[in-house]
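In the part that follows, the structures are each spelled out as structure tokens.
Look for chain A in each of the two complexes below; its partner is chain B in the first and chain C in the second.
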Partner chain A sequence: MLKRRRLIFSLLAIAPVIAIFGYVRIFPIGEILRLSLHKWDILSKNKPFIGLANFQELLGDRLFQEALLNTSIIAFGVLLITVPLAMILAALIFYRTRSRFAGFYETTIFIPHVVSLVPAAMAWKWIFDARLGPLNALLSVFGIEPQAWLFDPTLSLISVIILCSWQALGYAVLIYLVGFKNLSKSLYEAAKLDGASGFQSFWHLSIPLLKPITLYVGVATLVSAFNVYAQVYVLASDAQGAPGRQVRVIVLDMLENTFRNYRVGYAASEAVVLLVIVLILTFIQFSLLREKGARK
Partner chain B sequence: MASLEIQNVHKSFGSTKIIRDISLSVPDGAFVVLVGPSGCGKSTLLRMIAGLEDISGGTISIGERVINEVEPKHRDIAMVFQNYALYPHMTVAENMAFSLRLARRPRSEVNERVENAARILGLSDYLDRYPKQLSGGQRQRVAMGRAIVRDPQVFLFDEPLSNLDAKLRVQMRAELMELHDRLKTTMIYVTHDQVEAMTMADIIVVMRDGVVEQIGDPLTLYDRPNNVFVASFIGSPAMNMVKGTVKGQAVQTAGGTDWPVSAAAARVAAGREVIFGFRPEHLVLTEPGQGIEAKIRLFEPTGSETFIAAMVGDQPIGVLLRQRLHARVGDTIWLGLDPAQAHIFDVQTNQRIVAT
Partner chain C sequence: MTTQIASQLSSGQLRRKRMALNLFIDAILIVFGLLMVLPLILLVANAFKTPAEMLSWPPSIIPENPTLENIEAVLSDTPLMLWIFNSFAFAILSALAISITSAIAGYLLAKFPSPIMSILFAIILATAIVPFEVYMIPLYFQAQSLGILNSLWGLLLGYLVMSFGIFLIRQNVVHSIPDELLEAARIDGAGEIWIFIRVVLPLLRGALGALFVLAFFQAWTAFAWPLIVATTKPSYTIEVGLALFQTGFTVDLGRLSAASAIVLVPSVTLFVLLRRNFVEGVASSGLKE
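After this line comes the complex of A and B, so read on.
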């Protein structure tokens, strides 16, 4: 009897939280899934069911495919830069500066993560500026021709990747630092006695032992990079100055379809594709990085 | 195999002195146990030998070679850690082979050495397992295997059995001793457990507060402790210590009890205030009315022996009897002591007063 009452009390106690979570987290996902199967122009009362027609149309949509390709390149580019770099930086901070300057370095690297996206992107826009930017000025010191960073299709993608990696790095380093702090010191002492150099310890111990951290950082980086929008919107204008056009990404495409073309159902189907891609990639990462010993 | 020589070694962390002027000579092939309470510096000393801690002063040599500035990997030592420090992502075989792989030894040699070590330690069936799939005792053996494959000149053990349960500890203790007999390699073993020290060591080094209190073989330490600390640290249950003054052939306590001392001791320490020490197992029961009267405070029969906590006057003492005793708390017993088995220490210096 008491057990039952406690159970009811527990359920009632967490009900408000569950309700809010459900309303802001679960309900929108369900709603997106539902909308993706309907046609809706945002104003009309009618939302006729059209089955998988939206998805069929996506297959032939050049703009969507371009956006998907760009977003994927950015996401994987950010992943490939952020994860190894964050691990190396965290290792350097942890092992080289353990005492006095560690806090300083941690803060310095973390700051980009807390700076608002738009001002940060504006700053980078200046850095990448073809005529006034310090990047080209620096390159000219080495005798390299100035580059049109934000207008060349390839270079503008690279610029976005650099900006997004710069922003993602701080958080990743912070998580890796926690990982390093949790590694047993005696393992490294044992390795030292076994004859391992610093680099060998990093290679044979840190990298495999930090797999769970790498998994988390990888998934978090990839998911947030697939949702890239503001950085591109500010950084990559086309020749006429229209924001975001140079590097078209999925979120931008979705926004345009919703609020410019009034095709909410179609945009929802894009969101579903994005969701599926992220889920598949997360699943792949989990299976690649699962701990060996845990498998038995 | 090699001898190990520690000369006037110091270690400080900032202004805190952890090791103060320790000198120790370990003969080739000896099993030396460093024992002492927590914080006495024994693990630090071991880590200095391993090269995991800098040496603030003095020298440590293995064989003829001073190793103060030698990298840990070039010292030709292997160490077994308290928490085993097994690489969790490697199998047993990979754990044991790691040092050889780093040294780029040929694969056939690596396999042979790993298999050999696994056979010695009974791990042949577990080579493909991961550490988390092993029991505590098996992990301990893998840690030893990792040390064995390197065929080092000196083995270092840092409280390797402290994470095991009591039964397994006894078993592993025996296995370690067998291993020492088999390999005949110099071993230095750190523990806070004096029973481990007594049962395993050729030489025991008792440490306290960064200083060596006494070095000797187990029975010498038991029979002739240099000072009050060693006397109370070695032996279980601990030695009884009673303050008193030497008067005639006895040490008289404040409570008026006369504890018998040998003629030689009485001569040397006549009239002095001393600490009188005697082991619980050296007390015997006597006829009522003879010897020293004691009141039973606690009675613990374990079958093979009986431990009694008793009061002699206002002085608590321990008594360990081999015989069965039918008594109850509050009963009075009479105790005798062979004066030859008693120890006297100076009250001021706590050092042993040697009866010549």
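After this line comes the complex of A and C, so read on.
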């Protein structure tokens, strides 16, 4: 009797939250899956079911392919810069935990992660600016020709990767720091007694022991980089101010198909591709973690 | 005797070597930390520079002839303060909504086990993987049919709940609130709602504080959703306002820097003040396993 009353109370109390959650999360996720199988151009009332035709069209869509390629290059570029750098920085910061500057290190490396995206991106837009920017001025000191960082297709991708890595680094360092703090000290002391140098224990102890953290940070970095948009919007707008002309990414292509071409169903199929990519990455992370658990 | 001296000598050497290494690492980290914030420092410095000084090499950190012209110009050109207010209201309300929904759902999921709760929890966890960008287009049409585009409520619609927040509070309840405590309160005749407000919430203060700060910065830095939902000048958030402002033809670097500086300085200050809370929230997000 008491148990039933408690059950009823809990269900009544959670109902409003679940209702909101259902309306703003579950319903739109269901809608995106449904719309991806339909043709809908906003203006017309009917949305005919067209099966996988949207996805078939995506396969031959040059703009989408360009977006997918650019997004993947950005995501893996950010991963390759962020993860090793974050691990080394976290190791150094952890080693100097008792330094009076420890708070300074954490704060300065983390600030780029929390400041608003747009002002931060504007700072980098100025740095990369071909005529006015300090980067080209700095390069010219070394006798390197000024580069059109934000207009050359390859260089503008590199610029976006630098900006995104600068922002992602603080988060990765923070998670690694938590990882280092949870490692057992006795292992390192034993290694030291055996005559291992700091570098050796980093290479042979920290890197393998932190593998779950590396997996988590790696997948989190990839997933957020696959959703890159604001950085491209600000950095890579062309001379007329049209955003993302130089670097097309998935989210941009999706929004353009929705709000400029009024092809909502088609845009939904792009969103589904993005979702599948994220699911695959998450699945790889989980299966690698499980593999490790099984070996134990 | 000689061995003693030798060992003393070597331990002194060792200590010196160690100190040198520490100094070296400190130097690397200090330089790296400064480089990380240098773009932002230069941006703020540019806000106070004359056009001529902005072009000089090497860029100066403290302007020689500081001017307020840029800031005055940008404040008269754009409703910057209104945009900041919009962002602030959006971030505060979103953080409040997320804290409340997470506290209620997290507590109920942790302390009222039943098959239905398990299913609900599994659904919440499963949707946590789906990035916002994936489902924001259908959500946009929901906001449209509710008639709340170009308003604070439209912005909020996307940021009312956070799967991770529900998860975070649930884990905290499991680890820090013993069943015995709740039972004791029930035996004393306390009602369930009283228990939640008077017993549970005070114990969750730390976790809710971290979540609030995390949610605040999430909304404060949101971009794609405000960009599509708020499309009239008075409803822009500061991120959208600035992004559209910077694509304008006539905008010069001084004004852009001034506008950015006005946004950056308060949010960096806020972050430095709330750093502990924020770090706690982010750190726990990395420990999902």
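The working rule: the second predicted complex is superposed on the first by the 282 of 296 C-alpha atoms of A that agree within 3 Å, B and C clash if a C-alpha of one lies under 4 Å from a C-alpha of the other, contacts with A are read in each partner's own complex, and residues count from 1 in each chain.
In this section, contacts are C-beta pairs under 8 Å (C-beta built on N, C-alpha and C of every residue); 3 or more make two chains touch, one makes a residue touch a chain.
Because the structure is a prediction, the values reported are computed rather than measured.
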Partner chain(s) touched by A:E31 [first = chain B, second = chain C, both, neither]: second
Touched partner set for A:N227, first chain B, second chain C, both or neither: second
First, second, both or neither for A:L52, with chain B first and chain C second: neither
Partner chain in contact with A:L279 - chain B first, chain C second, else both or neither: second
Greater chain A contact set [chain C / chain B]: C
Contacts of A:L187 with chain B and chain C, given as first, second, both or neither: first
Which of chain B and chain C A:L288 touches, first, second, both or neither: neither
Shared chain A contacts, counted only where both chain B and chain C touch the same residue: none
Chain A residues touching chain B - in the complex, by the definition given at the top: 184, 186-187, 189-196, 200, 204-205, 208-209, 211, 291-293, 296
Chain C residues within the chain A interface of the complex: 22, 25-26, 28-30, 32-34, 36-37, 39-40, 42-43, 46, 54-55, 57-59, 101, 104-105, 108-109, 112, 114, 116-117, 120, 123-124, 127, 129-142, 157-158, 160-161, 163, 192, 217, 220-221, 223-224, 227-228, 238-239, 242-243, 246-249, 253, 256-257, 259-261, 263-264, 267-268, 271-272, 275, 278-279, 282-283, 286-289
Contact set on chain A toward chain C in their complex: 6-7, 9-11, 13-14, 16-18, 20-21, 23-29, 31-32, 35, 89, 92-93, 95-96, 99, 101, 104-112, 114-120, 122-127, 132, 134, 137, 166, 169-171, 174-175, 177-179, 212-213, 216-217, 220, 223-224, 226-227, 229-230, 233-234, 237, 241-243, 251, 254-255, 258-259, 264, 267-268, 271-272, 274-275, 278-279, 282, 289
Residue ranges of chain B in contact with chain A within the complex: 50-52, 72-73, 77-79, 81-83, 85, 87-89, 98-99, 102-103, 130-133, 146, 150
